[in-house]
Amino acid sequence: MISSRTQVTEMIVSAKVRKGLKWADVAEKVGMAKEWTTAACLGQMQLSKEQAAVVGEIFELSDEAIAWLQIVPYKGSLPTAVPTDPLIYRWYELVNVYGTTIKELIHEEFGDGIMSAIDFSMDIQRQADAKGDRVNVVLSGKFLPYKSY
Amino acid sequence: MISSRTQVTEMIVSAKVRKGLKWADVAEKVGMAKEWTTAACLGQMQLSKEQAAVVGEIFELSDEAIAWLQIVPYKGSLPTAVPTDPLIYRWYELVNVYGTTIKELIHEEFGDGIMSAIDFSMDIQRQADAKGDRVNVVLSGKFLPYKSY
Amino acid sequence: MISSRTQVTEMIVSAKVRKGLKWADVAEKVGMAKEWTTAACLGQMQLSKEQAAVVGEIFELSDEAIAWLQIVPYKGSLPTAVPTDPLIYRWYELVNVYGTTIKELIHEEFGDGIMSAIDFSMDIQRQADAKGDRVNVVLSGKFLPYKSY
Amino acid sequence: MISSRTQVTEMIVSAKVRKGLKWADVAEKVGMAKEWTTAACLGQMQLSKEQAAVVGEIFELSDEAIAWLQIVPYKGSLPTAVPTDPLIYRWYELVNVYGTTIKELIHEEFGDGIMSAIDFSMDIQRQADAKGDRVNVVLSGKFLPYKSY
Amino acid sequence: MISSRTQVTEMIVSAKVRKGLKWADVAEKVGMAKEWTTAACLGQMQLSKEQAAVVGEIFELSDEAIAWLQIVPYKGSLPTAVPTDPLIYRWYELVNVYGTTIKELIHEEFGDGIMSAIDFSMDIQRQADAKGDRVNVVLSGKFLPYKSY
Amino acid sequence: MISSRTQVTEMIVSAKVRKGLKWADVAEKVGMAKEWTTAACLGQMQLSKEQAAVVGEIFELSDEAIAWLQIVPYKGSLPTAVPTDPLIYRWYELVNVYGTTIKELIHEEFGDGIMSAIDFSMDIQRQADAKGDRVNVVLSGKFLPYKSY
Amino acid sequence: MISSRTQVTEMIVSAKVRKGLKWADVAEKVGMAKEWTTAACLGQMQLSKEQAAVVGEIFELSDEAIAWLQIVPYKGSLPTAVPTDPLIYRWYELVNVYGTTIKELIHEEFGDGIMSAIDFSMDIQRQADAKGDRVNVVLSGKFLPYKSY
Amino acid sequence: MISSRTQVTEMIVSAKVRKGLKWADVAEKVGMAKEWTTAACLGQMQLSKEQAAVVGEIFELSDEAIAWLQIVPYKGSLPTAVPTDPLIYRWYELVNVYGTTIKELIHEEFGDGIMSAIDFSMDIQRQADAKGDRVNVVLSGKFLPYKSY
Amino acid sequence: MISSRTQVTEMIVSAKVRKGLKWADVAEKVGMAKEWTTAACLGQMQLSKEQAAVVGEIFELSDEAIAWLQIVPYKGSLPTAVPTDPLIYRWYELVNVYGTTIKELIHEEFGDGIMSAIDFSMDIQRQADAKGDRVNVVLSGKFLPYKSY
Amino acid sequence: MISSRTQVTEMIVSAKVRKGLKWADVAEKVGMAKEWTTAACLGQMQLSKEQAAVVGEIFELSDEAIAWLQIVPYKGSLPTAVPTDPLIYRWYELVNVYGTTIKELIHEEFGDGIMSAIDFSMDIQRQADAKGDRVNVVLSGKFLPYKSY
């Protein structure tokens, strides 16, 4: 009996290691960006029937697990409010150190409102650099103005 | 008596509102990116003697306050571990929802290590869009491989 | 020296008690809904120049305080993550008890996405009832579908 | 052996995905509002013998599970004090941003007391809108005046 | 400038010690129970105009402070979620040790619902006892049944 | 293998639902107050050999489980420091709102010390009331004066 | 205006450093044990009129401060739930490492109940030891059996 | 497969209840103080090969479990930072109420340093008393002076 | 099915106790420092194919477990934010007591930046000492200057 | 009136910035290591009369402030349990990632016990390195074996 998406995520993660798969390849088969596809496989996005079927085949999931992929998950991928993993913590640190800066500059440009985390996309790329390659990440979120009424 | 950088940040923020200044203009006078300059003025970066002098003049700071700008601050700009402000929270949410995805994809491309938050830069831009303008943010951090020994 | 919006909120709250004002009257003068106006006066919304001038006159604020009303505030009106005040706690309890229900029903109707808290309005009314009058609150938020990419 | 309502909720959730059911249909069969019915199925409300029998049939529950549906549950549907799921967080954010506003306006209209979360009902509807459909939620709670003695 | 009820509570507490007053005497002058009166003076209840005048005279408060007594306060009298003071902690411990018992027995008698903390009164008395006097506390709260709809 | 009292509590709770028992009846058979008996069955009190035998028979427990009932349990019945269940939360709220009041009045009557939560009893009764029946709870705790030395 | 015992504790601590006093000498003048006297001066115990007068003279306190010494304080001397100071942390660690041991052994000897922290005394002594002097602490608390009823 | 000392502690605790053993008797067979022995059996101390063999025989442990007894455990016996169990909480309360007192008096006698929780022993005894028997606990810890360098 | 590195760590730890192995010997076979090897076996580092094969042989792991050793783990080895184990807590205490000192001295020598925890190594040695042997730990981390841009 | 060491630390920090001093120079004048001296000036160590006099002269402190330097401080230099400052966080991360490794290796070498944080010294040095200079830190703490009794 599957009673939460977390169980399906564990099946996917387990199969991925066992079969030696790559997220980039999974994404190509699903036909979506590698960022969205990975988030979806890790239990953060709802998949369409077709996408779920493809993912199910790749990771050899049962029909019940495939049905769960099409359910909107309870989101949030981290076990603690402040993440302990160093790679993820650096992102938390960016929000902590640069949070008020980001707020000031978006408001200066757009006025009151937010950068959407829903109408949002992310692109992660390697940038070659003689002093050491860099991780380049482009975040794109629709600006949503606060409604006054 | 000034005993922490926080007091200087409050002076700057207060003067900014009183004088109706813009971070973009401050940055231009300082000669650095608006993201770095804003973070520096908000107490997250150490300024050089010249930068501190310019900032001091813009915000009419005392010599003691200008001296404090040249001290490395105790960083972290948020009053709570989980930010309450909606704009900043959306960024926390991104880390929460996409944290494991970012981790997977960077490791898939680079192996074990992190994206530096120190050898790091950020660029925030408005992207015109017929369905509503977007906030585009480019984050660039050097990849640092875990040392094995 | 004013260095945060909180100080202006305290001036407003203090003047309101001293002068025996009502939020409904303030809202009428500002020309906005009482819900938006109260939130704005309590430091949660940015006011336009004209709105700030009206509010400044009502509460006898200084020019510096009026300037602060036009700055986007750091939002979040509660001193603790779980509110201690019984009236506000009941709302926290609603989110706690009904949170998963709200999630299920919005997803069932709209698919994956959220009800916006930014493109949002609220209307609070008294509903006469023989068994005891009721508080009726209408919340209206734009549905924002999760973008897949 | 069933030793908590949580186990029954997991059975219901699991069966719902497996059988592809909708809360609206479940509610119709139970003969109650979809909001109350969903909350009840998710372990937040006590069901009557008749309601439990209907729910038991829909989700193919054992007699023991049906007995548990008639027990008052330990309420609270969220795994953390601050919810991580974006849809539910937006509601937490409303309480955080508008909490003091709601408090002020209810007290201004009714005096000291609270809006009941027990003698309470909720109605969630889609409101068509050219700029994007909206989620409309009506909350109705009896006003309970603080007793002085 | 008074900007919160807390400041008025501090004035009252300070005057009480300075003048050597007793809550029982204050309550008699106010004409309410000593439990309600003490809670009101400690910033947890709204006072009527007449009650505020009496309290103001007893503790020699300014008109501004007396106005604040008539405002509904932000309630919650403890500095931490788990109280450190031994006397108050014992009450927290009762809730912790007996919480599920109280829940079971009220539900067994009344069905689903709560004991109101709003339509509520409390009476604290000394009960003489040869083995050591006892504190007897009677709590009376209206039962509020959960509404189903 | 039983390794904690919690497992026995789960057996009791499970049997109670399965067999449709009432705490009042259990208490009568055990020969103790319903408050003490319920707390004991819910894992908060140590039972005597005779009491454990009766409880074991009622809930059809194994000898090992009956042995565990005679062990002093690790007390505390709530899963979180601030309880999420509305009925239990109201009690937490009473401590929060009235905590300093209770402290003041007990000290005014008795001097420094506490109301014992160990030499303590509780009695919960329904009080008929035309405006809605009330829950009446009498708490009786020995006053324990602070020793000075 | 003094509005809390904390202010008086700060006066005492400040005077003690300024005047170079010792707790042992203070205790001798007060005529109580050094453990009780120190706790009382640090804001954890209520002093009698005579004791307060002596303490007031030693630390040159005002009459208002002396009046506050005779009020039962809100107890708890640590700024965080887990103490950061190494000396005090070692005691927290003892409770953490030996907590279940202490519980087992007291219950084995006395049955269910607690060691009182109210009818309690403490004695701290230096014990000469060739391998390094030791701190010897004797704690004495009345055993309080749990009441069954 | 045993993968943590906690599993062995559960085996010991389970066997102790099942066989009706006493810590004092276990300690005698092990040949150590009852305080040390109980702490060791509850997973807080490392046992020697001989001690582990004796404990293994008493509680009928497997060879694998006996091997685990000889491993230094991850210490800390409490499930929450602030213990909920009343007996253990009283000790936490002592640290909270008397923490600063203990600190002051040890520093007054010894200078800067700590009372060791490692080179430490504890002795718990019943002290007969006409007004009710007392728990007497002697704590002995080596004083460790802070090194300056 | 293995779905997290934690399961593999438990297998390793279990086998180590069962077989009586030493980390120093494991490290020698792996051909890396004992500090890195232990951290890797405890689930904090990614192993190469060859290293994983050696570790798998030593601890008799399945192929699936060996595959998991080559995956970058979710790092963080402690169950609570403030560690309860005395040995590990002393390190937390060092950071707490000396944290600002370390910050000051590194900035004084190097300017703004950090000591890397990624390009980092650690060496733990016993240092013989007549007054008691000492643990000597050498930490070496690359200095990373904050980028200004 | 000075009522805590924190106030003296603020005076020192303020004077250091104002006068442009270096910790290394302060340490030389005090005649102690720069690590100990900095920690002492930042409120973590007790100074001798002579050391306090030197520090007082360097930072132009009052006699009262100099007296406070000779008092054992309440230690702990960080404002939050998990530090937000990136440099200090890296050290917290080391404890988190390597905590169990350190524990294993010290126990493997020494048996049960701890590395003292009291009989402890620290030495921070720059190590030139072609690939970027490194921070080298040597920590030396006496091993303290757990006493069994």
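Each chain carries a letter (A, B, C, D, E, F, G, H, I and J) given by its place in the written order, and its residues are counted from 1.
Just so we're on the same page, contacts are C-beta pairs under 8 Å (C-beta built on N, C-alpha and C of every residue); 3 or more make two chains touch, one makes a residue touch a chain.
Which protein is which chain? UniProt says A, B, C, D, E, F, G, H, I, J = Cyanate hydratase.
Worth saying up front: this structure is predicted, and the values here are computed from it rather than measured.
In the CA-based superposition of subunit E onto subunit I, the rotation angle is 180 degrees, rounded to steps of 5. Same interface as E-F, judged by over half of the contact pairs sharing residue numbers, among the pairs G-I, C-D or F-G: C-D. Each chain's centre was taken as the mean of its CA atoms, and the one lying most distant from subunit B is F. Of the two chain pairs examined here, G-I and H-I, it is H-I that is joined by more C-beta pairs in contact.
The distance from the centre of subunit F to the centre of subunit I, each centre being the mean of the chain's C-alpha atoms, comes to 46 Å.
Chain geometry summary: the mean Cα position of subunit C and that of subunit F are 41 Å apart. For subunit G, the set of residues touching two or more other chains reads 35, 74-76, 78, 81-82, 84-86, 93, 96-97, 100, 103, 107, 113-114, 116-118, 120, 144. Every pair of chains meeting the touch criterion is listed here: A-B, A-C, A-D, A-I, A-J, B-C, B-D, B-I, B-J, C-D, C-E, C-F, D-E, D-F, E-F, E-G, E-H, F-G, F-H, G-H, G-I, G-J, H-I, H-J, I-J.
Residues of subunit E that touch subunit C in their complex: 1-4, 64, 67-68, 71, 74-76, 78, 81, 117-118. Residues 82, 84, 86, 89, 93, 96-97 of subunit B touch subunit D in their complex. Taken together, the subunit H residues at the contact with subunit G in this complex read 22-24, 34-35, 38-39, 42, 44, 75-78, 81-83, 85-88, 90-110, 113-117, 120, 122, 124, 126-127, 129, 131-144. Subunit G meets subunit J in the complex at residues 10-11, 13-14, 17-18, 20, 80, 82, 84-86. Against subunit D, in their complex, subunit E makes its touches with residues 32-33, 35-36, 45-46, 72, 74, 100, 103, 107, 111-114, 116, 118-121, 144-149.
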